[in-house]
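Here's the structure, in structure tokens; my notes come after.
Chain IDs A, B, C and D follow the sequence of writing; residue 1 opens each chain.
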Amino acid sequence: MAEAHPVGFQWVMEAKKRGAKVIHVDPRFTRTSAMAHTHVPIRVGTDIAFLGGIVNYVLSGELDFREYLLAYTNAATIVSEDYVDAEEFDGLFSGFDPDTRTYDTRSWQYAQQEHTGNSEAGTHQQRETASSMQHETHGAQMPGFPPRDETLQHPNCVYQILKRHFARYTPEMVERICGVSQEAFLEVCHAWTENSGRDRTTALVYSVGWTQHSVGVQYIRTGAILQLLLGNMGRPGGGIMALRGHASIQGSTDIPTLYNLLPGYLPMPHATDHPDLQSWVDKVRQPGAKGFWSNADAFAISLLKSYWGDAATAENDYCFDYIPKLTGDHGTYRTVLDMIDGKVKGYFLLGQNPAVGSAHGRAQRLGMANLDWLVVRDLFEIESASFWKNSPEVETGEIVPEECATEVFLLPAASHVEKEGTFTQTQRMLQWREKALDPRGDCRSELWFFYHLGRLLRERLAGSTEERDRPLLDLAWDYPVHDSGPASGEWAEPSAEAVLMEINGYEVATRRPLSSFNEMKADGSTVGGCWIYTGVFADGVNQAARRKPGSEQSWVAPEWGWAWPANRRILYNRASADPDGKPWSERKAYVWWDEEAGQWTGHDVPDFEKTKPPSYRAPEGAEGVKAIEGVDPFIMQGDGKGALYVPQGLIDGPLPTHYEPVESPFRNALYGQQANPTRKQYSRDDNPLNPSPPSSEEAVAVFPYIFTTSRLTEHHTAGGMSRYLQYLSELQPEMFVEVSPELAAERGLVNGGWCHVVTARSAVEGRVLVTDRLRPLRVEGRVVHQVWLPYHWGTGGMVTGDSTNDLFGITLDPNVLIQESKVGTCDVRPGRRPTGPALREYVEGYVERAQANDGAPVVTADADAVRASQAVADRGEQA
Amino acid sequence: MTELKRPEQDARRRGRGRRRKRDGEQSMVPEAEFTSYYGRPIVKPAPWEADIPAYMFFGGLAAGSSMLAAGGDLTERPTLRRVGRVASLLSLTVTLVTLIHDLGRPSRFLNMLRTMKLTSPMSVGTWILSAYGPFAGLAAVSELVDMLPEGNRRGVLRLASALGKPAGMVAAVTAPPVAAYTAVLLADTATPSWHEAYRELPFVFVGSAAAAAGGLGLLAVPPEEAGPARRMAVGGAVLEMAAEQQMERSMGITAEPLHQGTAGRLMRASKALTALGAVGALLSGRSRLAGIVSGAALITGSVCTRFGIFHAGQESAKDPRYTVVPQRERLDRGQPIRYED
Amino acid sequence: MAREWLGWPVLRQLTGRDFLGRGPAVRSANTDEISARTETADRVARSVCPYCAVGCGQKVYVKGEQVIQIEGDPDSPISRGRLCPKGSASKNLVTSPLRQTKVRYRRAYGTEWEDLDLETAMNMIADRVVSTRAETWQDVDEHGRRVRRTLGIAGLGGATLDNEENFLIKKLFTAMGAVQIENQARI
Amino acid sequence: MIGKNSLFGPIDPAVESGYSDPPARKGFFTDTSVCIGCKACEVACKEWNAIPDDGFDFLGMSYDNTGALGASTWRHVAFIEQPAGRRDGGSSAPVDLGMPSIRTSDGDTAAEEDGKPDFRWLMSSDVCKHCTHAACLDVCPTGSLFRTEFGTVVVQDDICNGCGYCVPACPYGVIERRKGPEGAKNVGIAQKCTLCYDRLGAGMTPACAQACPTESIQFGDVDELRRRAEERLEKLHADGVQEARLYGHDPNDGVGGAGAFFLLLDEPEVYGLPPDPVVTTRDLPRMFNRATAAAVTLFAGAVLSFLGRRR
């Protein structure tokens, strides 16, 4: 956190000053570790084993926050009798289909609700469309009142399942898998549990390297289980904090430029599942479920109205048919492979530099070299714009400028001070930026670019009678423009505030801005581009532009910017009060029920219906918002409870299970199943994987070391905003590789000298930094070396160097299709790498020795276990 | 490929400093343990190059020459007077050139006269030079005027000629500070081997100045007029060598750089040449050749002294050892430098 | 001339309280005029740091239509006026001479960049979108499902784009029938 | 005119320099125990003062690639890695797992007999000390370096002629003459931290302190900062951080106390700071005395040379 979010880290230092204990779990000793009381080095890719160990510590010692657990989580909920845990099936849950490598999830459901699960075909489709991402606001949508056993004794209640599932995650096992001493591990256990309960809360903070694993979602799930067990969710000083790495990356998922989502986490319709508006909306709001998703029709129709305005009517399903439909995986990595295969013709890069920033840089660049046209919009001439004349592949001869047909348009972009608009920061807070001055020369905002591109497209198609052009021609695209700006007349800059107003939503008839998503209607009378952002323009005021000094308001600072939803700063904060609505303790009072006033009140906007008392119980047959009871804080979940066990929405299992990284020198100590069996894998010759057990020892030994990557404080991701600046470049001027003194001795590496790191994809070189901040770990009884690399360099900028992301292949988490780019195996050699065509020969030599192209099996669990797991699904079919 | 310092080896370079016993010379103090930041210097060496030691040499030469000239004038040694005056003017010119050339902004040379700072040896020296220079110059000019045919000495030239003697006297009186202040210039720094030499360095420098000027007299003046030059040379050489010996004893560890590398070679050359020159001067008698050789040796010896001390200081600044060890030792003795009322 | 003479620091040393010439006596006229450049800024914009997602407040000072300073906004309850090295380098980012300010065009098989007028570039891009879209349009997929889309046009956006920009991008891509729009958020 | 403590000892430097009724002395207290090594101070300083880059050199010194304070680095963050490392014997056998307060799997606790972490990564943002007795200022022959009304020491770029004398005079190696291509900003002129003299005049905080995320760099009245430093030291000592110590805060020390002082976690030289710095001009009177004696000796010697028999 001190490395990548130094200013956020001031609050950790503040807490430390007040006596908080700071624990840092990280493979290497970073600037954060330097400030922590305890640094726990861990083998990369073993976090589930580590956190699972703590879960086991809590459960076996009955250290959970029982009152919270019973009232607010699904601990008491009873799961289907058909469910079989990964403990039984060698690392597979019940219902596994080895052909599609997906699960039939019907056995995972709550008792008597098996029908709400997916067949394996459904789960396969879910994986292709990364549908778990909808759960950013969603939660599972299942019938609201599953059977419960409040004594937690039922063998199939979630609590007992959890207990059994994590029983083998003992301190000894943690030590064996993670390389963390039992003593260190127990220190973390003690600290976490002792600092949780009525009077105290513990915060779990992760940076999004956690997501870049083939089991990334389950990492976070394990954290969530722990925080729910200890009663740390929805409470001040608690929670799980994702420290995201880009100014508006939260905003980029809320109002997504993602293939599988529409604004507000509405799913992009799928050709099979969502042939019409009704089926689409019903899929979002499971009939019978509790919670606010029951209003999904209003959210969806308001969005369609914001897209197609007057053309969207009840008669034409509000132009639902205009939305293109998904049929599978259309994610960025699939798309890049399709580029290599010649299926994609045109590509827009908008402030993004995949040539350096995405996994498997070579594939990225070869893909771009096979386009018809490429539009790059950036502040600088980044590597993704100049790949055709200056890239590793030009050196190796794989890209020859005279033979590369890609037309490239490099359009200069406006910087953050040269345009107005909102960023959504990592706590879901929107902050408006005032424009300071006009951009220079041809620099323009994306708003300008897309507004005018849309205008030009509509002009060109104006007379078209093609049915396919209707969505463009009917598009609501008449935004007001500024009088002044970088250009005027027909090329003027559109008003970002007008767009924000459309995002907020308004009444069609009066154009009155909506104040809350509760005002949205499903009858076409309201427009609203992103329902969760409704309220940002409440009362016609740009609430994101509020800047009441922090020193002049409460510590929650509700009048600075605006946080979705409804300016709530802590989600699910109903849980900060006990079931009766009283604060758990004075010290941790946040939101509570005021009996006299008959409403919820507190420091924050209550994340609960304001006047629904704690004593409210749903009438028989209630659904939707009415079904949320006074003790259901998790109002977006179908049962109103925090999910320790997740029956729906996850591809790889209802509970987190330790799998080894896809590239690992170690056999999974817990199960026969080596790595995530449901991971998204693209097995092609241009995407070879380093071998892992159970492949032959000789093959695995070709890449004996583990490497991981992360950021440096002094640079920003792919370097497009840092390598071009003198003041940042001088602080970290060269690509380097951190190695332990032991590895340096083993491989003959010299501090300040050169070395190179090799995988089946490429070899990258850097200067050697020998440091005790990396130490060999003892795992499974043998010593393993980990090396660390920053990934900021490329061929452009004031300081240049090899790109670390060239080392990674493409393997994705099945839930959200994010790549595993935080862990891999490698070889490390002294000296510089070969150059020119010799580089490819060199890497191919490694591929051959490691038999990396031979497609090692993904399903490595015991064959009987695989059959037994599949049999559960078959039983379900027959039933 | 150079091996850069390994953090854990060098962040705390606790351990024995590098052995520096080249050419069989023993360090004067035992090697001390010390810690540094990757072996990097703490204080910065002066951004000066050959200009400054050259300046110090020529300043000393000018000062000594002016005194020889004045003495020659008073004792009717015209060649000695002439050589002294001309040499002082030439030296003075070189000092000015070196001084200006050494500046980062030569065009702002005159800012030197903007203030009169008693705390700044350079400012004080500038004013001393300002006092000395015109008179030394005038004396030399009068000498040149005197070389003109009688008929051409008119007006201002005649005045210059007439002022030669008094100007030469003033120059001789203001000359010693010119020779001495450069020692303070070096000593008034945090450069270990300069600062620690502050007690004796002025004597080394005036000795060196006398030796050089005397040497020049031996070299350029016929033996019959060179007696005072010889005595000045020998006296200067003896003073320089004695003061230098004493200086090294009082400098502690910071004397080491005087024995190492370029500085060591220069200082050894300086000692040899100065001793040789002094002995030669004593024995030269009426031999012109012996006078020339001895004089040249003394002049070269003086040059070596200036450059040697200059380099020793620069080297002492570049090695943290000479900054850390003396300070650490006084701390460890419980005797940090503290103000006591 | 007289005034210059009277301003001679040596005189001031001798006549004032600064005999050693350390303070007032040696100040230059320029020094007496020094003030913070932000004092004379034409305007200050309240902004937000463009690097990580902490969302630190920034104040952007503009003078003569140039950014003359960017620094932390002490009013922000998030950052309290502080910035990390990247945030502190924001002025370097926006005023860098390396910034691209002109459209560059590389034609197919070209070996060098060429210049292009912005409007021309916009029109060329629009033409390419129209034709690629027409060429790659699918009303139904290979299984006969209605998809009405193109898989010939893709996009990848950084996560430093504004919400408003993302909204227009997604809206236009959706209307174009292009589904392969992605973001750093998946990387 | 010349006070008793003009060259050494506690004084109020602004008053001593001839300001009547100056504002309170301003300075920095840099608490390295909370420095996270982010280098925001280095960048904020450069942005505000428009300092050129200091070269793009990988130094292999942990995360320090700017090396030291200099003409184009007015804030410098030092990084010191202190492992217990391979203790006696220096074997390269598999070493302990943990870094701070972590034991090895084998239960080897030798690394931390005193219960202290066996590995530290120290970071410290260094800066000009703005000495009470500033050698750079005192040796400056042009009056370019001067004492401001805030008690700080600043170079006047329009006066400095680049004589370079201040460079070796500084006991901390702070000030430096800027090298660089002819015509670049302030090339040939001595450069160092001004404690943002221009910002102070406008009532603003110096750029580095303004940016510092963790309040490692604190700006304020020197008296107040000294008090805060003492409090912080007591707190750390109470928390068992016995190695904490203040550096440069004592008005009786060799430079009369620094306007910018530090809380360190190890000996000063570990951070590249001199352990017991002294302003060189403390000895100046003695130096001039010796020089006078030498000059008299020279004069006397010259006179003597002309006495005696003529030959």
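FYI, contacts are C-beta pairs under 8 Å (C-beta built on N, C-alpha and C of every residue); 3 or more make two chains touch, one makes a residue touch a chain.
Worth saying up front: this structure is predicted, and the values here are computed from it rather than measured.
> Taking all protein C-alpha atoms shown, work out their mean, then name the chain whose own C-alpha mean is nearest to it.
Looking at where each chain's C-alpha mean falls, the closest to the middle is C.
> Could you see whether A-D or B-D has the larger number of C-beta contact pairs?
Taking the two pairs in turn, the one with more contacts turns out to be B-D.
> Where the centres are mean C-alpha positions, what is the separation of chain A from chain D, in Å?
Centre separation, chain A to chain D: 45 Å.
> I'd like the Å distance between the centres of chain A and chain B, where a centre is the mean of that chain's Cα atoms.
That gives a centre separation of 71 Å.
> For chain B and chain D, what's the span in angstrom between their mean Cα positions?
Each chain reduced to its C-alpha mean, chain B and chain D end up 31 Å apart.
> Roughly how far is chain B from chain C, centre to centre by C-alpha average, rounded to an integer in Å?
56
> Which residue numbers or ranges of chain D touch two or more of the other chains?
2, 38-40, 42-43, 47, 59-60, 62, 81, 83, 85, 138, 143-144, 159, 213
> Could you check chain B for residues that touch two or more other chains and list them?
Within chain B, residues 4-8, 114-115, 117-119 contact more than one other chain.
> So which bits of chain C are touching at least two other chains?
As it turns out, chain C has residues touching two or more other chains at 9, 20-22, 25-26, 70, 82-89, 92.
> How about chain D: which of its residues touch chain C in the complex?
Of all residues in chain D, those touching chain C are 1-2, 6, 14, 16-20, 38-40, 42-44, 47-48, 137-138, 143-144, 146-149, 154, 156, 158-159, 196-199, 201-202, 204, 207, 210-213.
> What residues of chain A sit close enough to touch chain D in their complex?
2, 6-7, 9-10, 13, 29, 31-41, 175, 179-184, 187, 712-714, 726-734, 736, 741-742, 745, 751-752, 767-769, 771-773, 775-778, 783, 798-799
> For the complex, give me every residue of chain D touching chain A.
34, 36-40, 42-43, 46-47, 52-60, 62-63, 65-66, 81, 83, 85-86, 92, 94-105, 107, 119-123, 213-215
> Along chain B, where are the residues that touch chain C in the complex?
113-119
> Which of the residues in chain C end up touching chain A in this complex?
Per the stated touch rule, the residues are 43, 45-57, 60, 62, 65-67, 70, 73-80, 82-90, 92-94, 96, 98-113, 116, 118-119, 121-130, 132-133, 135-137, 139, 141, 143, 145-187.
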